[in-house]
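Please go over the structures that come below.
Two complexes, one shared chain (chain A), two partners (chain B, chain C).
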Partner chain A sequence: MIHITINGKVVQAKDGEMLLTVIRREQIDVPTLCHHEAVEPSGACRLCMVEITKPEWDGWCDYVTSCLYPAADGLIVNTHAPKVNELRSSILDMYLARHPKSPEIRQLAAEYGVLKTQFEEIVDGNNCILCGICTRICDTMGFHAISMVGRGHGKEVAPPLNMAPDACVGCLSCAKNCPTNYIEYNVSNGNLSIWKKDFKMAACKECGKTTITKEFAEYLSKNRDINIDYFENVTNVTEKN
Partner chain B sequence: MKEYIGVDGYQALAKVLHKMTPDEVIDEIINSGLRGRGGGGFSAGKKWKICKNIKAEKHYVICNGDEGDPGAFMDRSIMEGDPHGVLEGMMIAAYAVGAKEGYIYVRDEYPLAVTHLEKAILDCERSGLLGENILGTDFSFSIKIARGAGAFVCGESSALMKSVAGEVGEPRATYIRSVVKGLYDEPTVLNNVETLVNVPTIIRKGADWYKSIGTKKSTGTKVFSLVGKVRNTGLIEVPMGITLREIIYDIGGGILDDRPFKAVQTGGPSGGCIPESMLDLPVDFDSLTEVGSMMGSGGMIVMDDTTCIVDVAKYFLEFLVEESCGKCTPCREGLYQLHKLLEKICSGKGEMSDIEKMERLSENVMIGSLCGLGKSGPNPLMSTLKYFKDEYIAHIKDKKCPAGVCPELITYKILDNCTGCMACIPACGYDAIEGKKKEVHVITQDKCTKCGACYAVCNFDSILVS
Partner chain C sequence: MNNRFIVKPELCTGCRSCELACSFTHAVDGVRSLTRITPIDGGFKDLWVPVTCLQCDDAACIKSCLVNALKRNPVTGAVELNHEVCVNCMACVAACPFGCAVLDTQTNLIVKCDLCGGDPACAHFCPTKALEWKPIPKAVKKTG
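What follows is the complex of A and B.
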């Protein structure tokens, strides 16, 4: 165990544990848009940046993404230093210019006092904030069905060649973890469609209610050693729509 | 290869393998003061020392040949002209840090460099300079070429290593340095082409000889790519500490057509513009950084009074917006917005509040971005705002482009000294010029697209751009 100071309070932390984990354990509110506990941090959104310093740094301080910065003994962290707040509202301002229609972005920006962007709005843009949670989850699941395509301002999330991805099993992890609910999918009449690909759903043998896609059920059955019947019982698998 | 050996090639390798321990090699390089030529300026020897001292299964040496700055081609000429020098530098680095495998990352736009390096590697393999038990010692080393795919950001260390490993070239947070955890998460030494090619000479002639060239903190020589509005353009190798004035006026032969000097841009897209008042600045790592520019990889673009500084900033920002990998928000969105603001100013729609807006946004992009591309991205804007604020104000308040570049802010007029030669009439593709022989011609402003064709063909300086 080591000790670090967050906003004036000395707290315990594990050596090497990421700062954001410690900050959130202390119930301090630091916003994030690209962070998801299930996948490796990426440091893309930059909202979790904090000010850090150490007594031996002679008053010099650094600004780092807390999701990727390992806690070290004696570190002094300020999660809401003036410069940090300014940086966060500036980043949210950039997000707001790019995604003016996203309710999630608008709400978060408003919390940091940004009600209207000072930059040029991109009116025909979409709500994909390029946080990469979907692609990282898909990679972690082992499917690699979608990825970031292109670069810079024109970057987007897409399946290979923008065609229905072979590797996708319709698990919906991407869509359900999208912070701005951008990824669309459709469930109707026992079918599911996502990323231009259509899936048949497995159904409960008792009540006929659909559970998960047959491809996902087969994948789980094969890879997690679960009998396929398990997925045909709605009490085991509840579709959370 | 014979030619290289003929000029003492591979003598340095033989010297280190037979007569020096890895620590002695590292000490010699540290003592020589050799600093990274890729832009960062970190001590090459210290980097090797950190890498060597990390216990790991494998160590790697990578040569960064992903030269991406517009107008810079120092590394290309070294890889094409002296591939063995690069290989020997890598071998010595590998011996020093204990690496068995090395990669040369070459940008795909350099096919000749790849061909020459491939040939050099093959020749070395055939003659036992690469492979197992090199020169009869325990040292074994192999080199592979990794080709880039055209992304500027892949010159950044962590993105480069991802690209070598076959992943998408996106940078990662650099709180853990690549020298500790680099390629395939193993300690990796990444040096620029020019840095490595200096190594054999330092070993052969000694650190003290190397230190005798250049300044105390920036030793040796540096290759610059001198381009722009100077008489002599091309690659130059100069001792560190030489002044900008010497480079531009002595070596470069002064400004084209003897026009007034305006600024010199150093350090590539992440560097800055240096004004005339600083022409006597010595060119070394620290002096350039101090004035808000940087050494970078050695690009040097000279500008005269016909260059619009706002347009220059816009050009570099456009380049960076294009080349940003798009992973982190400040770089992806912030640089885009900075470019938009510059476009607005160049088109005459700028407001004074835009300057403050750009300054604030620049600072946030610099602090907030993930990698060096974003962190230094606002430099071309910040340095020009610092030294040429008047020109920005002229664009905003007076709606004028003093250099006569921004099309929306200039007008073309025919002066009374027009001889009526009619040369400009067919040159204009828009029928905007009317006039009879031996009578002063007139430009119809509504039709004029400000393409400058009339200005180019007029032999009597009768066309005024204002």
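What follows is the complex of A and C.
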């Protein structure tokens, strides 16, 4: 156990634990867009920046992404120092210029006092902030169906060769965890389409209610040793009455 | 694991006190949560079966979770879902053969019985003792 100071309060932390984990445990609100507990941190969105210093640093301080900075003994962290707020609002200013139509970005920027960007807006842009939550979750779940494609201006999230990915099973984890709800999918009449691929939903034998795709059910039953009948049985007991 | 959750369907009157207790115990910010236990019609007159998570030894939900959000609590023996880690893929909802992991459509979170962290509220509120939280007799306990 080590001790660090967050906003003037001394808290305990495990050695090597990331600062953001400790900050979140103390229930301090630090905005993030690219953070998800299920995947490794990547420091893509830069919004979790905090000010760190140590008594022996003679007043010198550093600005780091807390999701990637391991806690060390005696560290003094300030999550809402004036300079940190300034950094965050300038980052949000740039997000707002690139994704002016995203309601999530607009709201977060407004919280930090950025109502209108000082840069030139990209009007025909999309809402993908390239945080990589979707690709990292897809990799962690073991599908590797989508990835970052291209560099610089042309960087985007896409399946290999922009064709329907073989590895995708339609679990929708990418779309449901997207911070700006950019990934589009369509569920209708027991069919699902995402990433240009079409899926059939597995229906409950009794009520016909659908939860996951047939491909996902088959994948789980094959790789995780679950009886395939389980996926065709009751999905929600509270609706049985 | 010193206690276990005992369900006796023959004592259940279908009064649904357990549902209320569950809903209010798991309320977040004053908003009632979806119940994790529900008495369903047993098929005969006056037979009700309270259905809730059985905390299976070889649980399909744990096996189906690809991001390890579902873990067994070694103290209570309950399978607990970590909402921070959960990616809402619905695999556990589909995998549970009893339909006891369900999606709360109000909060868009998957909920399942966690035995209230070792003191189930439904057992306190059951008027006929159809639900009980009792110490495991020594002779029944697994050895080793």
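Operating definition for what follows: the second predicted complex is superposed on the first by the 234 of 241 C-alpha atoms of A that agree within 3 Å, B and C clash if a C-alpha of one lies under 4 Å from a C-alpha of the other, contacts with A are read in each partner's own complex, and residues count from 1 in each chain.
As a convention for this text, a residue touches a chain if its C-beta (ideal position, glycine included) is under 8 Å from a C-beta of that chain, and two chains touch if they have at least 3 such contacts.
Given the structure is predicted, the values throughout are model-derived calculations rather than measurements.
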Overlay on chain A: chain C relative to chain B, clash or fit: fit
Touching partner for A:Asn126 - first (chain B), second (chain C), both, neither: neither
Contacts of A:Met94 with chain B and chain C, given as first, second, both or neither: first
Which of chain B and chain C A:Asn85 touches, first, second, both or neither: neither
Which of chain B and chain C A:Asn162 touches, first, second, both or neither: neither
Partner chain(s) touched by A:Asn233 [first = chain B, second = chain C, both, neither]: second
Which superposed partner A:His153 touches (first chain B, second chain C, both, neither): first
Touched partner set for A:Tyr63, first chain B, second chain C, both or neither: first
Touched partner set for A:Gln118, first chain B, second chain C, both or neither: first
Least C-alpha distance (whole Å) that remains between chain C and chain B when both complexes are overlaid: 22
Intersection of the chain A residues that touch chain B with those that touch chain C: none
Contact set on chain B toward chain A in their complex: 151, 153, 168, 170, 172-173, 175, 321-330, 332-334, 336-337, 340, 357, 360-361, 364, 367-370
Chain A contact footprint on chain C (complex, rising order): 34-35, 38, 40-41, 51, 60, 63-64, 66-67, 69, 82, 84-91, 93-100, 102-103
Residues of chain A touching chain C in the complex: 36-38, 137, 140-142, 171-173, 176-177, 202, 211-212, 216-217, 220, 224-227, 229-231, 233-238, 240-241
Sites on chain A touched by chain B in the complex: 42-46, 49, 63-65, 68-70, 83, 86-87, 90-91, 94-95, 97-98, 118-120, 129-130, 132, 147-148, 150-155
